Every structure is written in C-alpha cells, then in structure tokens.
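Shared chain: chain A. Partners: chain B in the first complex, chain C in the second.
Let's look at the complex of A and B:
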C-alpha cells in the first residue's frame, strides 16, 4: 500500500473545494426522488387543472382553474369547513400532545424519583405497537353500544358517550385517541431536552426561592424554547398529514364532520365515483395551506435555525 | 443526549440535603412523591390498557365485542386458550400464514434493504463531500418530506399502470423503499456530521483512498443510526394500507394490513372479535418487541432527528 502524504490528505478530507464526484453517491436518491416524487407531483398539479374523473377517464382535458373555483365556491362540504376541521384536528392534537408530553417529562425529571426507568419502558408501549392496529383497537373500545369504555363508565353510573356518533364529539374523540398514540414521542423528546439542562441551574433557581414550577419557568423554558418550538411545529406538520387515525376511526363520519383535507382527498380519489382531478386539487390546497402556516410560524420562532 | 436518559436518577440534590433534617418538609416530600407516583401509575395503565385488552381478548375463546366486560378482561389463567389463533390460521384457507404474512415480510424486507442502500450512500456523501448545491438538495428534501403521500398516489397509479407495475411486487417495493429514504438520509447525514474527521484522516495516512476510508472506517461507526434507519424503513411498509389498497386488486398480493382492515370492516356486531384480536397480536407483537429491544437506538435516533 502506498502511503499518502499528509498534505494530499488535507486536500482530501478537509477540502474546501466543490467535489462533483460526490454526486455519484447522491445520484441514486435523486433519481428515485425524481421518479417517485417530482414526476408525480408535476402530474398531480396538472391533473388538478383537468377534468380527470371516472366520467372522463379516457378523454380528460385541461379545464384551467375550474376545479379550484368549484372547491372555493360550491362543493359540499365547503372548503372553509374542511380547513377548519383540519386545524381543529392538528392544532388540538399538537397542543394536547405537546403539553401532556412536557408535563409528564417534568414529572419524571424530579430528582431522586424512583422507578423512572420502569415508567419510561411502559410509556413506550403506545409508540411501539403499530398505530394501524391500535387505532382499530381503539375503534372497538370506543364503540357506542358494545365498546368496553362505555361499559366501564356505566359501572360508575356514567351515561354512554357517543364517541364517534355525534358531529360535536367525534373530532374530540379522534384527538384523544391521537393523544394516546403520540404522547410517548413527546415525553421522550422532552425528557431528553430537560436532562440537557444542567441540574445546578435548577438548584440555583431553588436557592433564589423559586418553587418547582417557578424554576421550570425561569430555567428550563427559556433554554428549551427553540427546541419546543421545533418539536411542536414538526408535530403539527406530521399531524396535518396524519392519515390513518381519522381514516380508520371515522373516515369523515358522522356526515362530513371529521374529514380533514388529507382524508377528504383520499375519499375523493377512492369512493365509488372517483374524481381524481378534484382529489389532486384538494391535495394541493392542503400542502399550500400547511406550508403557509409553517412559513408564518417560522418567521416568529426562527425554529428552522435549529437545523443549520 | 440519550446517555443522559439512562443516567437519570438517584443523585442527591441540594434540595434533599437542605431539607433532610426537617420533619415537616420530609412529610411534604413524601406526600408529593406519592401523588407523583399515583399520576405516573394511572398514565401507565392508560398506556398499557389497549394492548393488554387485545392480548386478553385474543386468548379468550368465543369472545365478541358485546361480551367483553371487566370480568372477561380479568379471566382465570385456566380459561385462556389458543382457540382464536387456530381459528385465525384456518381463516380463508390459511390466508394469513400462506399469503399475507410472507408478502408483508417480503415487501418490508426488500424495501428496507433497497432504501437503506440509497440513504446510506447519499447520507455519507451529503455529510462528507462538498457537493455543489448541497443546501438546496437538503432543503428540497425537507420540503418534500412535508408533502402527504396522497398527492403522489393518483399520478403514481397512472404512471405505474402504464408501466404495468400495478398488481406487481416491483410496483410496491420501489415506492416502499423510497418511503423512508428522505428521513433516513437526514438521520445518517446528521449522525455522520457528529463524527470527527480525524478517523478518516488517519485511515488515509495508512494508505486508504478517500472512498475506502469512508466505507471501511466510517461506515462501521454509524451502526446506531443504521439500525434506526433500518427499523423505520421496515415499519412503514409493514403497516401500509393506503398505498397498497390503491395499487393492488389481486388478492394474492395482499399484505397483513389489508387482511386486518377487511377483518375489522365486518360489522362490529358479527365480527369474530377473538380472531380479530389474535390477528392484531400476530401482526403487532413482533414489531412491538423489536421496538422495545432496540429502544435505545430508536429514541436516540429521534432526538438526533429533531435537533442536534
């Protein structure tokens, strides 16, 4: 083996020059993304401007923005309602999950608390079991007539609750099931960040006379502000696009009261009279609104700066 | 960061030392601890219950959603039987063991291998080479990862049917392997960023070429993040329903999620709930155990992915 001179290596590993040969390594991924993301995305945008549906499956044509105008003006359910429900679902979930996770992490982060490792393992369970299955289990648990939860509440004389039967309660039930699915993730992430705060800082806050929650507010929150914002915003994006929970539990029912944009898109594309052009338009609208929200929030929290 | 998770614990803090002499404070502390434990145990029950519920139901012969009750959930050990499992394995001439399970493992396994190879080469290159347009590529991937799959699904179906890829193994495995690729690239890139250049440098002094140093020296050091990326790429296809439901009409290509969903759609009155539960256990338990075994890697991976 020939020994490389240290000078040449300096040029190699710590080189500041552009290295075109690195493209060989990322080319496969870029090809896959082009084939499976960019090409379909471009066609998705095109389809949203056509009348591609079951009625025009072989002879669809470009019709301009007519689908979007129809969505904005006349389609049932109205776009404003769908957008409201999507916000209700994603904001409601993320606020609940993020604060529940943070509080639980605080509880477990008390100095000298015994059994934290045991609790932590148990709290992994909802995260570890595939969500596709546990959502179906919750669907059975929350059944109005036969579900175990209503039977259990009945023992204490509590009347049966229409978990998924009423427009007014079903979105809340979805959010509660989502809380069960997601709180472990937030608990774990927040535990890690709370432990990155040096214990001495808490102790000195104690010396200054702050109580448990006072020291958290004065010490942990200011230090972790950006991390919390980052985790919450990515959680928001994830929940906005979370398909399986609303799809498996209610798929929009009762009426259209639990449709969010993404499940409604899927419904438009897969019901017995599919309208793929409309589905594409709804998908575009969903992405645009979500990206706009993230851009606005990023202006205030600068959370993207965590990445770079 | 994760090392800290492991190390939480029983260090005596200032608080303990100051207050240990005072009986009033000590009593207050005991009460506080007690309340904390009550909360933590209640949350633990909440976390475990649905999984306990489905395991017990799967072991109770002749159970239906209607007959689930407090006493059926606390059965005598002698009353448990594997009848539901034998029934499930006979269901539709053994479709689960002969078709759905092998298919699922084949899809998820090959997608994991392909996706990991793609993500590994791209992740290493994006961390170690100065590639022109690197930031653009990374941001592009980040934005792409916020797009829901439904946006791609309609054009993809069109594209795949013109390539005769619908109802084929390739038509499922190719998109599956791309499913987690963006996230894996990000994970690997961030992890490798944290490894000092010195290792490769000294390998190069020993005569390795740059690429050799990358794959012989650096690659073995990325084991934790590789395990994480591997598990993530496996979990997605394992429980996919939304995509396969559109791409596949041929029953011999079904995966377990399709089978379980079909099972759950039989109206809740007539469904054989014991067999459904057995299905949920057979499909979910392996993933659950893998997750618990590799929890160290998974949890650390998620904290890397959320912030550095």
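Let's look at the complex of A and C:
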C-alpha cells in the first residue's frame, strides 16, 4: 500500500485517537458566542412565541405563532410596507454610498494628484465627529424654517423644501445624511483596493489606447468586482440594521413613512404599552428576510468566497 | 515519536495557553450565570430590613432648571425630616412607561417614579404600582383639585399623587391681535387678517400631526365628540370627531390661515417667535420662551367657543405626579413602600408646589397653592388666561387604550396632509380608529393583570364574536 494512498489516509483517520485538547481551545469562542449570540437569539425566538408585554408582564404564556400571524395579516403599518421602506432605505443608501465612495477613491487614486494627504484628511472629517452629533447637526441644517439648506436654496430662488414633512423627502433626507456619514468608509476601502491593482496594468491599458474611464472599466472593475460585491453587500446588511440615523432624524415620521424594520421593532418594545413579544417577532422576521437576501445574493456573486 | 497518534505530552507553552483558555471559559461562564441570576429575580426576594434604616430609589423626570431646583429643595427637607431614610435619586429620566416596565420585568423598577398620569395609568393597569387609596385617605386627597385627583384615579383606585396640572391654551401676539378672540369665528377672522398682511405672515400655523393628537384632542368636544366613550371604546370615527378634523383641515384648505407640510411644533414656533403669526396653541412650559421673543406683546387666553353650538374646545388637562411601585415591580418591602409614600407626600406638599410655580411656572394641583397664586398675581401676569382655560378642559384619559391614540392620530393626520387629493378627513379618522382597534387586538388589551381580572382580552372577544362597541371595554373603566 502506498504511503499516502486514500486507503492509508482513511485508516490513519479511523485509528486516530480523539484529542479533546483542541476543543478546549475553541471553548472561549463558543462561550462568548453562546452568551452573546445564541442565548439572546434563542430567547428572542421564545419571546416571539409568547404574549410577553406590559399587559402580561408577569404572567406571559406561550401563544404559538399568533404574533407572526397578526403581523402578516393585520397590523398597521402592514409588514409589506415596512419591508419596502427598509429596502428603500438600504438600497438607496448603499447604491449612493458605494458608487460615491468608489468615484472618490478613483479621484484620490489619480497619478500625479497633488495634496492627496490633505484630501484624505478632509474626507475623514464626517467620520471624526461622533455620528450622533452629526445627525443632530443635519437635523438642524434641514429644518424647514431655520435650516441652512433651505436658506441656501432660497438664494437661487428655490422654494423651501419640507425635508422632514413629506414621506418622499423624509426618506431622501435620511439617505443623504447616511451618505454623508458613510462615504469616508467606502472611499477608504476602495482606495485600498485600487492601490492593490498593479500600476503596470493601467500602463498597459493606456498603451492599448484606453483613457481613464476605459482603464477603470477594463482593468479596475474586473479585478475588483469581488471586493466591490463584498463591500456593497455587507454595507447593505449593515444599513438594513442601521438604527440610529432613521431613529434620530425622523423616528418613523411623517406618519409611518420612514419606519424601517429595526426602528419599528424598537417602537413596539418601547412605546407607552411595550409589547416585547411583538418586537421579538419583528426582529425575527427582519433576520429571516436578511438571511434570505444574503443567500440569494451570494448565489449570484459568490461574495462569501472573499471570506472563506 | 508519532505525533499524529495523539497522546504526546503537552509542551509548557501550550499548557499555559490551555490554562488561560480554561480560565477565560470559567470567567465567561461564571459572569454569565451571575448576570442571569442577578436579573432573574434573585433580588426579588422581599427582605425585611429589621433595622430602622431604609433606602428607596427614585427616578426623577423633573426638567433641568426650576423644576430641579424645587425638587432638590424638597428632597433636602424630606431627608432632614426622615433621617432614617436614604434616597437614591436617578436624575434626568424621561417620562414614559417603557423604561419603568423594562426594569420591572426583573423586579428592578425604582420605588418612586415621576411620570404623567396617563403613563402611570398603564403601569397601574399592568399591576406594577401601589394603590395609594390604601395609604392616603380622603382627608389627604380632598386638598387637591378634583380634576387632578381624577387624572390619577382608575377604577376607584388612587395610583399616584399629582404635583402639577397643565394643558394647552391659545397664545396670541397682541401686536397683531390686540384683543383675545371670544368665538371660534373671530379667531378664524383674526387669523385671516394676519395672513392677508402677506410677507410671510401666517395667521395660525399648526402642524396637525406634529404633537400626535395631544393638542388636537381639544377640538373633539367643540363638535360634541370625544376620544373614548364611557365604556372606553375609541370614538374617533364618530361624525362629531370627523367634524373636528374637517374644521381644522379647513384652516389650510379653505381659510388659508395654515399651511400643509409643517413637520413639527418648532416650525410653528418659528413663525410665532418671529412675530409672523397671530396664534400659537401650546402649554405653559413654553411660556418663558415666548415671553423672551414677544415681551409684553404676549398674552394667553382660553381657546374660544363655538357661538353657534355653544360648545367649548377642551384641551386635555393632564398632570405629572409620583407613583410608588409595588414589590412585584421593584422588590420593595413594607418599610420601603411606607418610606416611598412619605416621600411622595413630601414631594407634593404646599411648599414644593409653591416652589415649582415660582421656579418653573408649574401650575399646582393643591387647592391651597392655587389660592396662594391668586393672591400673588404679580408672579405670572398671564395666569388668568390659564385659569380661564382650566375651566374648559377635559380629563386626560388614563385608561390603557389611550396609549394607542398617539400613533394612530399621527398616522391618520399625516396621511391626510400628504395625500389630500385622495384622502378625506373622514378617511383619516377612519384610519385612526382602525389603527387603535388594531393595536388593541395586537396587545390583548384590556389587561389581564395579576392585580385585577378583566376577563377575556380583545383578541379573544373577537375570536368568539363578542366584540361590540357597547360591551368590549366595559370591564376596564
């Protein structure tokens, strides 16, 4: 029998003693995961199947899928509306953030550009401020009467805009503020990716007669498509669960037009008559939708291969 | 040595790593179990103090400034009087029942909480708050105005003690409207005159959905309507309430004294403080801001009545007060509950309420303080306007159903504002009613708390076909 024949390897594996030491080494990770992930998740699932609320604070009981059925059949706002608004927020944000970040990275990566360090410092500013403060500043800037934006538009004869008074402009305001908060991250990631592309390939493209955009299309995009897919999809997941921007800026207003799943979940858990079971059900639905989206997207982009 | 077969002695370096790994596991597991035990009610045991020393926890929601000053003075007086009671105060707590309820799930709620009467009503209904009728007799409650005691009474139980009372009235700019309007028609006409001045003037800017129906509730009685009927059933799509919505909607649609799209009260306030609007519907908490902006041109009056029907708009007249949590919510023992009751009495007494009025402009719940204020009119030159409004106010509903009115109204009113081409005031009020019913079903209200049994909840009544307007909430009120 050859030394490394399949049969020999099989035999070795079968005869190998079980070594428990290895499992001890992964115990810390398992313990942390158990307490921080699995335990809360299991309780979330359990609570979503009960009537745990202020009305039944000490005598809640298992009620099966009643909360889920209620969400699917009759709650206001309808689940379909909440999911649509969540997609609107997530997709609108990620398309702008990712493309804007990529464009800025391309600009920063131009050979011979002077003052690169200065520019890079400048576009870190939105990140340097605490996001909470930034959101409040934007809330003031977009104020109908007192906000700088409307006053600035007024110089050009443009009528004041109800940034937070209309459903369409409210969601747009959220997305724009999110763009401001997030573009430095995307710019930095894409800058790093672009710098990993060998300069010679750009030179070759130029020699073949491609201009700036041709080089990007023929060199950078094909080489970076997996990174772009990865950054965009993980950005989408992060934005899907991004709580503080929609919460601080509009908290669902006007009406329920800017509620996304995560902020509505919070609302269910913290209104005057908190319903923690219903909030848990919304959280579970959000997780399930997210998992489905990631599975579908991964099937087409294979973006997880960047990790594994 | 055949290392693939295992069983080799562990090198010293690996052994150290192994020990560290085990230590980390032990620490993490022990911390987790400790936290779980801590929050699972180990402190729920009501221990007898045995000694005379008592510690109580207080969540204070007083606003910074005058209210905090008054609170601190009264706290100092209490601690001087009850030297055996230690008061641990958490400051800056926002009013709202959810924080209290969340802590109550682990029996960690504070002994004393300062909140609004409607939020406290929900907490009482859930069985988290002491029935103070067992501690404070009519000799105590008779010192307070009837309205404020009613605000804090549910099913005959006094579940808190009011420390102030307030609602909204009609501020007006004397520079634009020299005399207070006496009828609704006159108010509309005054607002029209101001709007006609052009140059950014707007008679009565009013963001309908902005305060989630708190201010709007004043208009239902003016048209013979109400929020909930005597059985606690929502009446928002009654013809009377729809008339109220039609009336306010016409401020923008027909009279042009308001504009659609104002998203918050600050939009309205910007007009009023700039001297660009005639009226502002608001409460006494913003009076000092308006005084700074308008000076002697500021005045306040009761929202005028409808001369055709003789009916008055009636703002919700609410109250902030103190409640005492029971042992289920806070793990309190008998001594702590006794000390908490003494604390509440102290924080709502004559001196505290005078201090609150003088420092923060809070209107009192004690009759004697009201008499004191009347004798010292110089303290607040606008007090007569507020007193006039208090004569035409409605009880702030403190039944659990009220909690769902706010979101419902905001959604319906905003829908009307944003989609006025396809949505009518009737549609909006129907939506508000439907939303409240939907929430009541989702939350299984009325409650089936341990403290009081109301029988089957709404959802069950729906399932067995018993949900009728006349019977559903009969057990709640």
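Note that the second predicted complex is superposed on the first by the 275 of 308 C-alpha atoms of A that agree within 3 Å, B and C clash if a C-alpha of one lies under 4 Å from a C-alpha of the other, contacts with A are read in each partner's own complex, and residues count from 1 in each chain.
To be clear about the criterion, a contact is a pair of C-beta atoms (placed from the backbone, for glycine too) under 8 Å apart; a residue touches a chain by one contact, two chains touch by 3 or more.
Only a predicted model underlies this, so the values are computations on that prediction, with no experimental measurement involved.
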Which partner does A:184 reach: the first (chain B), the second (chain C), both, or neither? first
Of the partners chain B and chain C, which touch A:28 in the superposed model: first, second, both, neither? both
In the overlaid three-chain picture, which partner chain does A:253 touch, first (chain B) or second (chain C), both, or neither? second
For A:140, is the partner it touches chain B (first), chain C (second), both, or none of the two (neither)? first
Tell me which partner touches more residues of chain A in the superposed arrangement, chain B or chain C. B
Let me test your reading of the model: by the given contact rule, A:55 touches which partner, first (chain B), second (chain C), both or neither? second
Tell me the contact category for A:275 with respect to chain B and chain C: first, second, both or neither. second
First (chain B), second (chain C), both or neither touched by A:122: first
After superposition on chain A, the chain A residues reached by both chain B and chain C are 12, 15-19, 21, 24-25, 28, 32, 39, 143, 145-146, 269-270
Can you tell me which positions in chain A touch chain B when the two form their complex? 1-4, 6, 9, 12-26, 28-30, 32-33, 36-37, 39-44, 47, 104, 107-117, 119-134, 136-141, 143, 145-148, 151-152, 155, 180, 184-185, 188-189, 191-193, 195-196, 199, 202-203, 206-207, 227, 230-231, 234, 237, 241, 243-244, 247-248, 262, 265-266, 269-270, 276, 279-280, 283-284, 286-287, 290-291, 294, 306-307
Which chain A residues qualify as touching chain C in the complex? 12, 15-19, 21, 24-25, 27-28, 31-32, 34-35, 39, 51, 53-59, 66, 70, 74-77, 143-146, 162, 164-167, 253-257, 269-275, 278
Quick check on the complex: what are the chain C residues that touch chain A? 4-7, 10, 17-18, 21-22, 24-25, 28-29, 32, 96-98, 101-102, 104-105, 118-119, 122-123, 125-128, 207, 209, 261-264, 266-267, 270-271, 328, 400, 403-404, 406-407, 410-411, 414-415, 417-418, 434-435, 438-439, 441-445, 447-450, 457, 459
Chain A partner contacts - residues on chain B that touch it in the complex: 1-2, 4-5, 8-16, 33, 36-37, 39-40, 43-44, 46-48, 50-51, 53-54, 64-66, 68-70, 73, 117-119, 121-122, 124-126, 128-132, 137, 141-144, 146-156, 158-159, 174-175, 177-178, 181-182, 185, 197, 200-201, 204-207, 210, 213, 235, 238-239, 241-242, 245-246, 257, 260-261, 264, 268-269, 273, 276, 280, 283-284, 287-288, 291-292, 295, 299, 302-303, 306-308
